[in-house]
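Alright, structures below, take your time with them.
Shared between the two complexes below is chain A, which has chain B as its partner in the first and chain C in the second.
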Partner chain A sequence: MNILEIQDLTKKFDDFIAVDDMSLAIAEGEIFGFLGSNGAGKSTTINMITGLLRKNKGSIMILGKETSKDSEFVKRHIGLIPQEIAIYEDLTAYENVKFFAGLYGLRGGELHDRTVEALEFVGLTEKQKSYPKTFSGGMKRRLNIACAIAHQPKLIIMDEPTVGIDPQSRKYILQSVHKLNEMGCTIIYTSHYMEEVEEICSRIAIIDHGKIIAEGTKEQLKSLITDSKLIFIEVKSQEAIDVDTIYKIQGVTDVKVDENTVQIHTELGVNNLNQIIDYFIRNQLEIRSLDEKEPNLETVFLTLTGRNLRDS
Partner chain B sequence: MERWAILNKLILIFFMGLTLIYQETIGLSWAVLLLLLYLCINICLHLSSRQVLVTLFLLFSMTLSIMGNVHVSALFILLLPLSVVELLDKWKTRTILSFILAIVPVFYVQQEIRAIYVLIAIYTFFTYTMGKFFHEKLVKKEEQLDAMRIMQQKLMKQINENDAYMKQSAYMFKLEERNRISQEIHDDIGHAITGALIQMEAAKRLMRGDQEKAEQLLQNAIGITQDGIESIRLTLKNLKPSIEQVGINRLKLYIDEFQARHDKRTMLTYRGNMDRITHMQWKIIQENVTEALTNSLKYAEASTLIAVDVNVLNKLIRIVVKDNGKGAAKIEKGLGIIGMEERTATLDGKIIIDGNDGFSVTTLLPIQQDEGKS
Partner chain C sequence: MNMLQIAWKEIKHEFRDIRTLVFMLAFPIVLMLVLGTALTGAFNEDISIDDMDVLYENTNDSLSEPFKAFTEEVEQSGIHFKPLSDGMNGKEQVEQGKVDGYVSVDQSGFHLFVNDQSSIEGSILQGALASFVDRYNLVSEITKVAPEKAEIVFSNAVKHDYIDDHALVPKKQPGSMDYYAIVMTTMIALYAAMSGSQLIAHERSRKTASRLIVAPIHKRDIFIGKVMGSIVINMACIMLVVAFSKLVFHANWGEHLGLVFLVLLTEIIFAVSFGVGVSFLIKTPAAPTMVVLIVVQLASLFGGAYFPIENPEGILKVISSLSPLTLENKAVFNLVYANDSSFIMPAIVMNIGLAFLFLLISTASFRRGEGI
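Up next is the complex of A and B:
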C-alpha cells in the first residue's frame, strides 16, 4: 500500500513556481530520498505534505486520506524533523520530548514511557535532565529527532537532518534512519549530500526546479545515463597486452590502450575485477595503479541538469 | 434549482387552499385574491433576473404574507419562511443564519398555528438548501465534464496531428529515398554504363586493326560493368536511410538557417547513437529547439552564442538549448514554455528551465524500447 501519494501538486509564491505539477507515490517501508540542489522545491513539498503550507493545486494522500481534509489523522501519523532545529532551550531534554509527544495527544504513563523510549533511541538517556544549551550541534539534532518520533509515527520526514554536524553524529543519524526503517517506519529523506542519499535510500527522486526529473532506485537512475563503468589500469609497459583476451572476460564491452594505460569499459553489476587483475598477473604485466570510475548520483544529476548538486 | 422552489410554493399554496376551504373562513374571497397576488408576484420573481427586481419582489411577497396573516387568515404566514430563505440566499448569507431568520417570526405568530409554522419553516428550509446543495454539485460536475471534453478534444486533435505527421514523414522518407536512388543511378551507374558503352564501341571499331588494343578496351568495359553491378548492389543494400540521417540533418539545416537569418552564433553538437531517436521524438526535439531558439532570440539580451546539444544516453535523450545571455531570475511560464511542456509530456518527457547562468531549456525524453518502429 502507498503511504504517500502526491498528484499534480503545485505551489506558487507570487510568480515563482516552487513546486511544478509534481506526482509521486511512496510505498510503505521505503526509505525515499529527495535529491536536489538548494531551492529545488524539496522543503516546499515537505511543508505541503505536513500541512505547514497550503498547496495551490493537486492532492496529497497519506494512508489513503487527503491531508487537507483529515489533517488531524494525517498529523498523528507523521513525524517531521525540520531543517532548523526546533527545540526549547530552557526545557530539559526530557521535557522537550515530553512536550512534543504531548501535542500528539499522549497522556500519563504512556507519555512518560514513549518519552523515555525516544530518548533512549537517540542515545540521550543520560543527558535527559540537561538543558539543550549545553548540547553540541549533533546532540541537538538527535534531540530534535527524539521529539519527532516519540508518538511513533508511520511516516517520518527528515529535512536535511545532517546539515552542519560532526561526522560522528552524522553516522549516528544515518544508523538511526536504518533502525527506524527496520522498525517499520517509512522515511522520506531530503538532502543535497549525494553520498548520504546513495547510502541509505531505497528509492530516490531527483528534483529540480520544482519537478521530479527522474525517479527510481540508484541502479535505475545510474542506468539512465550509462550501463557501464570504466576501469583504468596503468601498467609499466603496454607491449605484451593482448586486447582480445581481455575482451573475452565476462562483462567487458570495450578495451582501449592508450600509452601505458588500459581503459576497460565493463557492464555495471558484473563483478569481474578479479578476472581482469588475474589476466595482468598471469601475463606478468606490472600494474602501477588501478582506478575505477563508476557513475554515481552526482554524475546522474550533473548529466540530467547540467549543474552540480552543490551549486545553488 | 428554481424548479424546486416553485414546486415548494405550489405545495404550500395547495395546502393553504385546502385548509382554507375546510375551515370555511369568512374572508375566502380576500384569501383567494391574496393567493392569486402571491402567485403573480412569484411568477414575476422567477421570470426576472435582475438582483434588484428579485429583491423587491421577494420583499413584496413577504409583506403580502404578513398582511394576509394579520388581516385575512393566520395561515398566510406559512408563505413567509420560503421567501426569507430565498432572499437571504440571493444575498449570499450563511445558511444557518437564514434558517434562524426564517424561524424567528414564530414568536409573533398566533398561538394556534405556531407548531405548523415551525414545521413549514423547517420543511421549506430543508428542501431549499438541499435543492441548492445538489444543484451546485451538479453544476460543478458538469463543469468538470466540460473540461474533460475539451481536454479529450485537444488530445484527439493531437493524435490526429501526430498521425498526419507520421504519414507525412513516411512520405518524405520515400521521396528522399527516391531522390537518393535516382541521384546514385545518375552519378554512378549511369556514368559507368555510358563509359562501358563508349569503350565497347571503340573496341568494335578497333577489332580488325588493333586486336590487342580492342581486347584491352573490352577488358576495361567488363571491369566498369562489374563495378556498376557492384554499385547497384550497394545502392539497393543501402535502401533504408536511417531515421538518424533525416532527423539530425533536418535539425542541422534548421540551425544553419537560423544562424544565417539572425546574427547569433549557433552551434549544434551531438553525441551518442542518434539511431535510437524515433520519428515522434525527432518531431518534438525539432519543435522544442525551434521554440527555445525563438525564446533566446526574444529575451536573452546581449547573448552572442547559443549552443544546442543532443545527447543520447543509455535510457534517455537529453537536448539542451543554452544561451549566454542575461538569463532570468524569475521564470514566467508563457505559452511557449507550457507548449513545450505539454508536447514533451506526450512522450513521458520532462522539461527543465533554468535561468541562473544564461538561459537554458533542457528536454529529457526516455528512449523507447521498440526503437525505430514508430
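Up next is the complex of A and C:
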C-alpha cells in the first residue's frame, strides 16, 4: 500500500515554476531518497506534503486521504525533521519534546511516556533536564529528531538531517533512520551527501527543475548509465579547447566544459583514453589532473543533470 | 487545549528571558525611583491661593436674596464679590486680569467668565457657583411642595461650605513618586507592544514556525495562544510593578485598584495587539520592533510619562491627544485622586477598539499567508 501518492503536483511562485507536474508514489515501509540541487524543487515538494505551502495544482494523498481535505488526520501521521534545528533554546530537552508531542493530542501519562521514549531513542535521556543552549550541534540535531517522532508518526520526512554535524552524530542519526524504519515508519530522506542516500535509501528520485527526471532503486539508477563512463580532465586553461574535435574521438558521446574542467562521457568498453590525452598534449593544454569514474549515484546525477550535487 | 499549551509555553519563554524581565520590572521601578526623587520639587503638594476678586451683575430680582446670602457666605473663604460699576465691562476686567472672575445673573441663569477654566481659581469659582445653583434649585423644588421648609436651606443655622462641596480641582494631589508610579506603569504596559511585535517573528527566527504549522492544530489556536500568553505575562509584570510601587515607594493607587487593573489589562491587550498588527503590516524582520519602539517612545513622551503635560495648547495639544497614554493616565489619575471614574470607560473602549482593529488586520494576514 502506498503511504504517499502525488499526482500532477505543481507549485508556482509568480512566473517561476518550482514544482512542475510532479507525480510520485511511495510505498509503506520504504526509505525514499530525494536528490536534487538547490532550487530543484525538493524542499518545495516537502513543504507541500507537510502543509507548509499550498499547491497550485494536483493532489497529495497520504494514507489514502487528500492532504488539503483531511489535513488534521494527515498531519497527525507526519513527523517533520526540518533542515534547520527547530527547537526552543529556553525550554529543556524534555519540555521541547513534550510541547511538540502535546500538539498532536497526547496528554497526561501517555504524553510523558512518549516524551521519555523519544528522548531515549535519540540518546538524550541523561540530558532531558538540560537546556539546548548547552548542547553540541549533534545533540541539538538529535533533539530535533526527538521532537518529530514522539507522537509516533507513520511518515517521517527528514530534510538534510546531518548537515553540519560531527561523524559520530551522523553515524548515530543514520542508525536511527534504520531503526525507525524497522519500527514501521516510512521515511523520506533528503541529503546532499550522496553516500548517505546510497547507504540508507531503498528507492531514490532525482529532481531537477521541479521535475522527477529519474526514479528507482540505486541499482536501477546506475543501470541508466551502465553503457558509459565519465572522464574528468582538469587543465591549466580551457581557452584553446575545441569541443568539436573531442567529439570526433571514437566512443565520446558528450563533452562539457566547466571552468577548467572538461567532462567527457564516453562509451564503456571503448579504449580511447590515449587518444583523448593525445589531443590535450598536441594542443599544448597542460593537464593538471585526470579522473576516470565508473557509474555510481554521483555520476548518474551528473549525467542526468549536468551538475555536481554538492557544487550546485 | 492546544491554545492553552501554546500560551503556557509563551509564559515560560518570557519568564526565562532575563532581558525581558529586567526590562518589564526593573526599568519602570528604576525610572520611578530616579524621576520620583529627582523631581520632588516639581510636585509641591501645598498650594496657596490668594483671595479672589469677582465682579457680578444681577438683573434677576428673584435671585437677589439668595445670591446675596451666597456672596456673604463665600466672603469668609476669601472670595470677594463686588457689583459691577456703571460703564465697566466685566469680561474685559477678567481678560485684563484685574479680577479673577465675572458672574452675570439674568433670567436665563448664571454665567461665569474666568480666564482659565482649568486653573485652580477658575475651578473653585465654578465649583462654588455650581453648589449654589444646585442648592437654589433644591429650594425651588421644596417651595413647590412645602414652602415653610424652604427657608431652612438658606438660613444661617445651616452651614454651607460651597467650595468643599464642588471644588473641581481635587483636594488630593499626587506627589512626584505617586505621579511616576502611575505614568511609568501605564508606559511599561504600552511596552507590551514590543513583545507583541516579536511574537510571531520569534517562531520564524527560531525556525519552530514550521513545526507549529505541520502539527494538527488550527492557525487560530497558535495565534490566540501566543497573544494570550503574552497578555498574561505582561499583566503579571504590571501587577508586580504596581505592588512594588505601593509597598516600597508608598505610591498612592487609590481605593479602586480593581478598576485600575482593568484599565491596565485593556491597555496591555491593546499594546500586544498593536505589536502583532505592526509585525504583520511590516514584514521585514527588524522593522516592526523599531517602529513599535518609536511609537511607544513618542506616545510616552507626549502622554506625560517623563514629565506632566498640563493644559497643552496648539500642536502639543493635538499630539498629546494622539497618545493613548494621555487618556490612560487621565482615567487612572481621576480615579485615584478624585474618585472620578468617568474616564475609565472611554479608556477601556479605546483600548479594546484599537486592539480589535489590529487583531483583525493580523488574523486576516495570518490566515491568508502560507506558513507563519
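Note that the second predicted complex is superposed on the first by the 244 of 312 C-alpha atoms of A that agree within 3 Å, B and C clash if a C-alpha of one lies under 4 Å from a C-alpha of the other, contacts with A are read in each partner's own complex, and residues count from 1 in each chain.
Operating definition for what follows: contacts are C-beta pairs under 8 Å (C-beta built on N, C-alpha and C of every residue); 3 or more make two chains touch, one makes a residue touch a chain.
All figures in this text were calculated on a predicted structure; none of them were measured in a lab.
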{"item": "Simultaneous placement of chain C and chain B on chain A, clash or fit", "value": "fit"}
{"item": "First (chain B), second (chain C), both or neither touched by A:Glu72", "value": "second"}
{"item": "Which superposed partner A:Gly306 touches (first chain B, second chain C, both, neither)", "value": "first"}
{"item": "Dominant toucher of chain A (residue count), chain B or chain C", "value": "C"}
{"item": "First, second, both or neither for A:Ala240, with chain B first and chain C second", "value": "neither"}
{"item": "A:Leu103 touches, of chain B and chain C: first, second, both or neither?", "value": "second"}
{"item": "Touched partner set for A:Ser223, first chain B, second chain C, both or neither", "value": "first"}
{"item": "First (chain B), second (chain C), both or neither touched by A:Ile287", "value": "neither"}
{"item": "Partner chain(s) touched by A:Met183 [first = chain B, second = chain C, both, neither]", "value": "neither"}
{"item": "Chain B versus chain C as contact partner of A:Lys211, first or second or both or neither", "value": "first"}
{"item": "Minimum Cα separation, chain C to chain B, after superposition on A (Å)", "value": "19"}
{"item": "Doubly contacted residues of chain A, that is, touched by chain B and again by chain C", "value": "none"}
{"item": "Interfacial residue positions of chain C with respect to chain A in the complex", "value": "1-2, 5, 9, 12-13, 16-17, 206-208, 210-217, 370-371"}
{"item": "For the chain A and chain C complex, residues of the former touching the latter", "value": "50-54, 71-73, 75-76, 78, 80, 82, 84-91, 95, 99-100, 102-105, 107, 147-148"}
{"item": "Of chain B, residues touching chain A in the complex", "value": "313-316, 318, 320, 322, 330-333, 350, 352-354, 356, 360, 362, 364"}
{"item": "Complex interface listing, chain A residues touching chain B", "value": "15-17, 208-209, 211, 213-214, 223-227, 303-307"}
